[in-house]
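Below, chain A partners chain B and then partners chain C, in two separate complexes.
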Partner chain A sequence: MTTEGAVAPSRSSPVSAPAASRRIGPWRRLAGTQNRNVWFWVFVGPFLLGLLVFVYVPIGWSVYLSFFDAHNTVTPTDFVGLANYSAMLSDPAFLSSLGTFAIFAVVIVPLTFALSLALALAVNRSRAFAAFYRSAFFLPTACSYVVASLIFKMSIFNGLPSGMANWILSLFGNDTGVPWLAVADPPWYWLVLVMLRLWLQAGFYMILFLAGLQRIPDVLYEAAAIDGAKPGWQTFRYITFPQLRASSVAIGVLLLINAFQAFDEFYNTLSNFGTYPPYARPPLVYLYYTALGKEQNLGLGSAGAIILAVLIAIVTVLQLRFLRTGRSAS
Partner chain B sequence: MNAVVGVQTPAQRVGRGARSALLLVSALIFLIPFYLLVRNSLASSPEIAGLDFTFWPAKPEWANFSAAFHNDQIPFGRSLLNSIVVSAVQTFLTVLLSAAAGYGLARIPYRYAGFITGMVLATLMVPAAVTFLPTFVVVSSLGWVSDLRGLIIPGLFVALPVFLFRQQFLDFPKDLEDAGRIDGLGYPGVFFRVVLPNSGSFVAAVAAITFLGSWNAFLWPLVIAQEPSSWTIQVALSAFNNSQSTNFPVLFAASAIAVVPVLVIFLGLQRFIRQGYETSGTTG
Partner chain C sequence: MADKTELWLPSALNRRRFLGVAGGAAAAALLAACGSNNGRAGDSTTASSTPPPQTTSSAAGGASTSASAGGQSGGASTTAGGSKPELAQWYHAYGEDGTKAAVERYAASYPDATVKVSWFPGDYDSKIATALGTGEAPDVFEAGNGPSIDAIQAGQVADLSDLLDASAKSDFSASLLDRMSFDGKLYAIPQVIDMQLLVYRKSALDKASVKPPTTIDELLVAAKALTTGKQKGLFVGNDGGVGTLVGPTLWSIGEDYLTPDNKVGFTPEKAGPALAKLHTLFTSGNLLLGAPADWSAPDSFTNGLTAMQWTGLWTLPDIIKALGDDFGVLPWPSDTGGKPSAPIGAYGSAVSSKSKNVDAAKAFVKWLWVDNAADQLDFAQSYGFHVPARASVAAKAEKLKSGPALDAAKIVQDYGHAQTPMLWSPASSTAMTDAATNIIKSGADPVAELAKVVTKVQAELTRILK
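Presenting the complex of A and B:
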């Protein structure tokens, strides 16, 4: 289909092919039948140009920068080879940011997965008020991480008796309260960050699971019931969950990529008056302060961005392969 | 089995009741942060950060809302305006550019269309957050730092909407297009007068999702809008949060102004947004 266009007229009668190509001038050949080639570029060209300038060029440029000493400049002259990469990989702060991501991902990915699946199953079964429940769980998706951070930081986990979390604890007899975000040890801040992200994104994945649930044919459940499968766990284990495999794989990958990109809520709950504590810095927070902080070390930052891009690609491919082999085994 | 026939044992009825109660409680828990947002925006400072939990302000302080616009340090009104302009323009241009590109890739036969589709889709694999630094390098050398162009333009070239439109237009009925052609329309005529008007709900879905993403975006505006005059609302709220002399009820009034209208639109357009997420979530 894609080879139509300029070639099409000559293909219809091979005998007259030389004559045809002589008749078609260079412009007609370029423009294609019905000016198709021209129209293709009118439609696709603007987007493609932007994609080159704002995605492909930046990636190329930053590969270039990563081999230079680029403090405060985007046109460096001081070639340093792989020094930025080795500096990055031996920087304990960078490595600890990878550790922070790993901890966050290990907690948030399964938790969100389980909660959004549970919500989808419950909403899917509820007959009355299904629309209300769906909206209530979905609504936080429309809230920005900045505002969510404000609410969680100032009114739920502010560490004062007026904060909702400590007020609830006081109802159960704990009057001293917990200093949620104010201390590094014990790391209560993880609870705040996880609750926040769980609240904000569970409804989004619930919607994806609901769509998956609605694609499962009713016949399967009827057949299972006739075969004696009990509604509840058995039906879920042998019908619902296997049928949700495509959704589950997609959601697992999305959750991981989104956890990797976490920035907004970390920045807005943990930084105070412009300073960020030395702990709980996920990769993007680290990169933000390294490349755009006082130093403006764009060479080092670029090397970091490339290392992260490669890492996330590897993790995504591994995850997909792992989940796919799960399918072929079952 | 019983559920299929519609007869319930007492145990099943209790189970059903427990499930409904659990669902209701969960839904209410999910709404708590919104309640706190509204409560805080009407409260006085001691009521937010005092010694006791306050259910509802004794005397709602509506003045918090006007105070948000008369703040010396944080140009809240200007930021709100910037956000409206950035989100509206970005939404309009994203829909236009990516619908056109999606249509071209799906429906205009061209020798290299497959290769170009591959080029577009390859960028789906690169998380946007990893490219913020490289893109900042390019945008800053264009001189677009602290400039609305720097906020709007780089965000237009995202592969996902192109991919969604391409999938949508691959399934568009050929007969409708042919009818337009017989009436003498060329590619632009067919696109603007036949294809787009007949893809209304899909366009609405992409537009709603783009607007929401643009309105709530934080990292890119934080990086690029360095002068307060170019701040978006999220950057302004974050700066408010991080400034020493913050009056918290006013900050929450400002947050409510930023969030509540979006929530209302979100609920109104929920059906389209869900459709959009469903297609993008399972394909992207």
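Presenting the complex of A and C:
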């Protein structure tokens, strides 16, 4: 608070600016006191330029493409209006991919949230080897999704009786094994996909929770202890978890966005010779095959991407709003 | 001091704090991504070890063969007079040892241009389709059954009709040239013919007193009889045949993807029940599923995981090495109203129309795949087995003249079917794959599923032929 107060006058300087501008030239005005504006652009400019070229132009281009019949071209001429949007919204495969995402999100978001919070609490409490546990749990985050997918697909969850998962089953008397990723019914592939993502992500969100935990001042716990709060659940429920609110909301939103963007592990565990089974196809994989795979229907794919982006934005805003009003009500 | 406590209270969630945590998360994500590839589409396609249809990935870790271009071919440029054009040539990753070195050797020995060979594991078809839409397209590339109809109609590939004179033209298989032509223009030169076939272990069949099956129903019975202990009866790919057996199933009942005059060639009422038999097979417990190496590699068959396997002619050298003469080959059996069949396809060598050196690229294609009989013969029989695309070269392929390879060559002649027709577009193919997955894996209503495909295919045909 105090630092902001110190900075504010010199940034806008309503009192001294008119006087100064009378004496110095337009360049000085443009550059600002102590060349502040120049340095602002020196530091922010390159980043902004990159953002513009690599993010906003492609997004704008995508919006443009979505109004055209753009088969195999990024400079289409055949304007089709909203036809791509209506085709995408009435495409059962796209709608079912949103359903696939919904199932995935409902399972993976709370699971990752709970597991990473549990890991963070455990690591935070442990007095010995805390750094070791922290690194050990974080390490899978550094593993590539592609590599992890191939390991899960080929060695842990392959369908042979000698595969690791089937070997464990055989210890419990199941000798035939389960072809985990090959069958659609029962949907064992969900088990593989969820485990894979948990393994890859839990450590990362654990670090975020740890950072949140370490910001909670000890005096709160001391005060709670004096007031008679029992350590364990009561302290967690009334001190720790409410104090983690900022981290929790951010992590919830990030997890949901990540689930929306699921691609690598789905593509690398379930695709087969350039084809992909329709029953576990999240939106990005479907759009990949429509726009970037053999079909090269960039107009339709762009329309799908825009729809998806709007959906993510709406859900995120709703989620934040919901969580905030939840606070003010309590 | 009073306002400092505010920071501790749970009420302090505002936009700034949310963004603060989110920003920290993004920074940490960057950190975690250091030196690792958890990138998006482009990266994962390249690194995926799933081979495209015509490949064999003999090792499960096919991705370990680097995606970068071979070094040797670049060496030729130093001896050049400086005026030689540079050409980029792309191949999908063939699984057999020595193939990559061989194509680099052919490229290096070409006198009139410096050819740089690149080799792509993973979803090669998508890679090509994407590259052709950008300025990154290779000058020369191979394409499964020639370039797609979409690439041809978008003008992305050059007309190669003038590379074949009358005598050369008559030397190539007419059906292959036809498959790679559209509106009377030829868009690719067939490199070699590939076929898919059923291999079976003779000793296993004898032990179970099973005869080589000639109908689908016999195949189902045989698969059951051959399933014992850790050995399954049949392996048709980890997807239960979705990717490979739709064509053979249509042909087995006398139908096809499209009719010769480009209308929908199958009826949901007849094709549905035929595909449903694959669902019976899928749920029978007699099918090998989830194998580390897929149908295009011989490993499951040679390691005794299955007694019969649907695979490709290219695996025969490895199978002979492992099993000697303890195996035979068959076409996919017939069902009521049809004949046995074997899909044949060919990688064709095509030229990008956006190449800076279209003429030099065409000259290289002509030199390698039309005139250079010695290299064509080497490519067809020294690594994986393929049938040379030219009759005069095929006549010299001694290794294809005995044993199961000879039987396979007869199957090509008697029962060969072009894999898919030219106008069977990628979108049609996706629709059929989705339906086949639902029918074979999930047991969906086959007639209703195929009716949806018919609608989609008709829309695609209208789009293409407009």
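To be clear about the criterion, the second predicted complex is superposed on the first by the 281 of 330 C-alpha atoms of A that agree within 3 Å, B and C clash if a C-alpha of one lies under 4 Å from a C-alpha of the other, contacts with A are read in each partner's own complex, and residues count from 1 in each chain.
By definition in this document, a residue touches a chain if its C-beta (ideal position, glycine included) is under 8 Å from a C-beta of that chain, and two chains touch if they have at least 3 such contacts.
Because the structure is a prediction, the values reported are computed rather than measured.
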{"item": "More chain A residues in contact [chain B versus chain C]", "value": "B"}
{"item": "Contacts of A:260 with chain B and chain C, given as first, second, both or neither", "value": "first"}
{"item": "Which of chain B and chain C A:279 touches, first, second, both or neither", "value": "second"}
{"item": "Touching partner for A:199 - first (chain B), second (chain C), both, neither", "value": "first"}
{"item": "Chain B versus chain C as contact partner of A:308, first or second or both or neither", "value": "first"}
{"item": "Touching partner for A:181 - first (chain B), second (chain C), both, neither", "value": "second"}
{"item": "Which of chain B and chain C A:58 touches, first, second, both or neither", "value": "first"}
{"item": "Touched partner set for A:296, first chain B, second chain C, both or neither", "value": "second"}
{"item": "Chain B versus chain C as contact partner of A:145, first or second or both or neither", "value": "both"}
{"item": "Touched partner set for A:159, first chain B, second chain C, both or neither", "value": "second"}
{"item": "Shared chain A contacts, counted only where both chain B and chain C touch the same residue", "value": "1, 74, 138, 141-147, 150, 154-155, 158, 160-161, 163, 204, 207-208, 211-212, 246-247, 250-251, 254, 263-264, 267-268, 271-274, 288, 292, 298"}
{"item": "Residues on chain B engaged by chain A in the complex (per definition of touch)", "value": "1, 3-4, 19-20, 22-23, 26-28, 30-34, 36-37, 40, 47-54, 97-98, 100-101, 103-105, 108-114, 116, 119-120, 123, 125-141, 153-154, 156-157, 159, 162, 186-188, 191, 212, 215-216, 218-219, 222-223, 234, 237-238, 241-244, 248, 251-252, 255, 258-259, 262-263, 266-267, 270, 274, 277-278, 281-282"}
{"item": "Complex interface listing, chain A residues touching chain C", "value": "1, 71-74, 93, 138, 141-147, 150, 154-155, 157-161, 163, 176, 179-185, 204, 207-208, 211-212, 216-217, 220, 242-243, 245-247, 249-251, 253-254, 263-264, 267-268, 271-279, 288-289, 292-298, 320, 323-324, 327"}
{"item": "For the chain C and chain A complex, residues of the former touching the latter", "value": "3, 8, 10-13, 17-18, 20-22, 24-25, 28-29, 32-38, 40-41, 43-44, 47-53, 60-61, 63, 123, 125-126, 129-130, 132-134, 148, 150-151, 153-154, 156, 230, 237-240, 242-243, 285, 288-292, 294, 296, 305, 425-427, 429-430, 433-434, 437-438, 441-443"}
{"item": "Residue ranges of chain A in contact with chain B within the complex", "value": "1-7, 32, 34, 36-37, 39-40, 42-44, 46-48, 50-51, 53-59, 61-62, 65, 74-75, 119, 122-123, 125-126, 128, 132-133, 135-156, 158, 160-164, 167, 199, 203-205, 207-208, 211-212, 222, 225, 231, 246-247, 250-251, 254, 257, 260-261, 263-264, 267-268, 271-274, 284, 287-288, 291-292, 298, 301-302, 304-305, 308-309, 312-313, 316"}
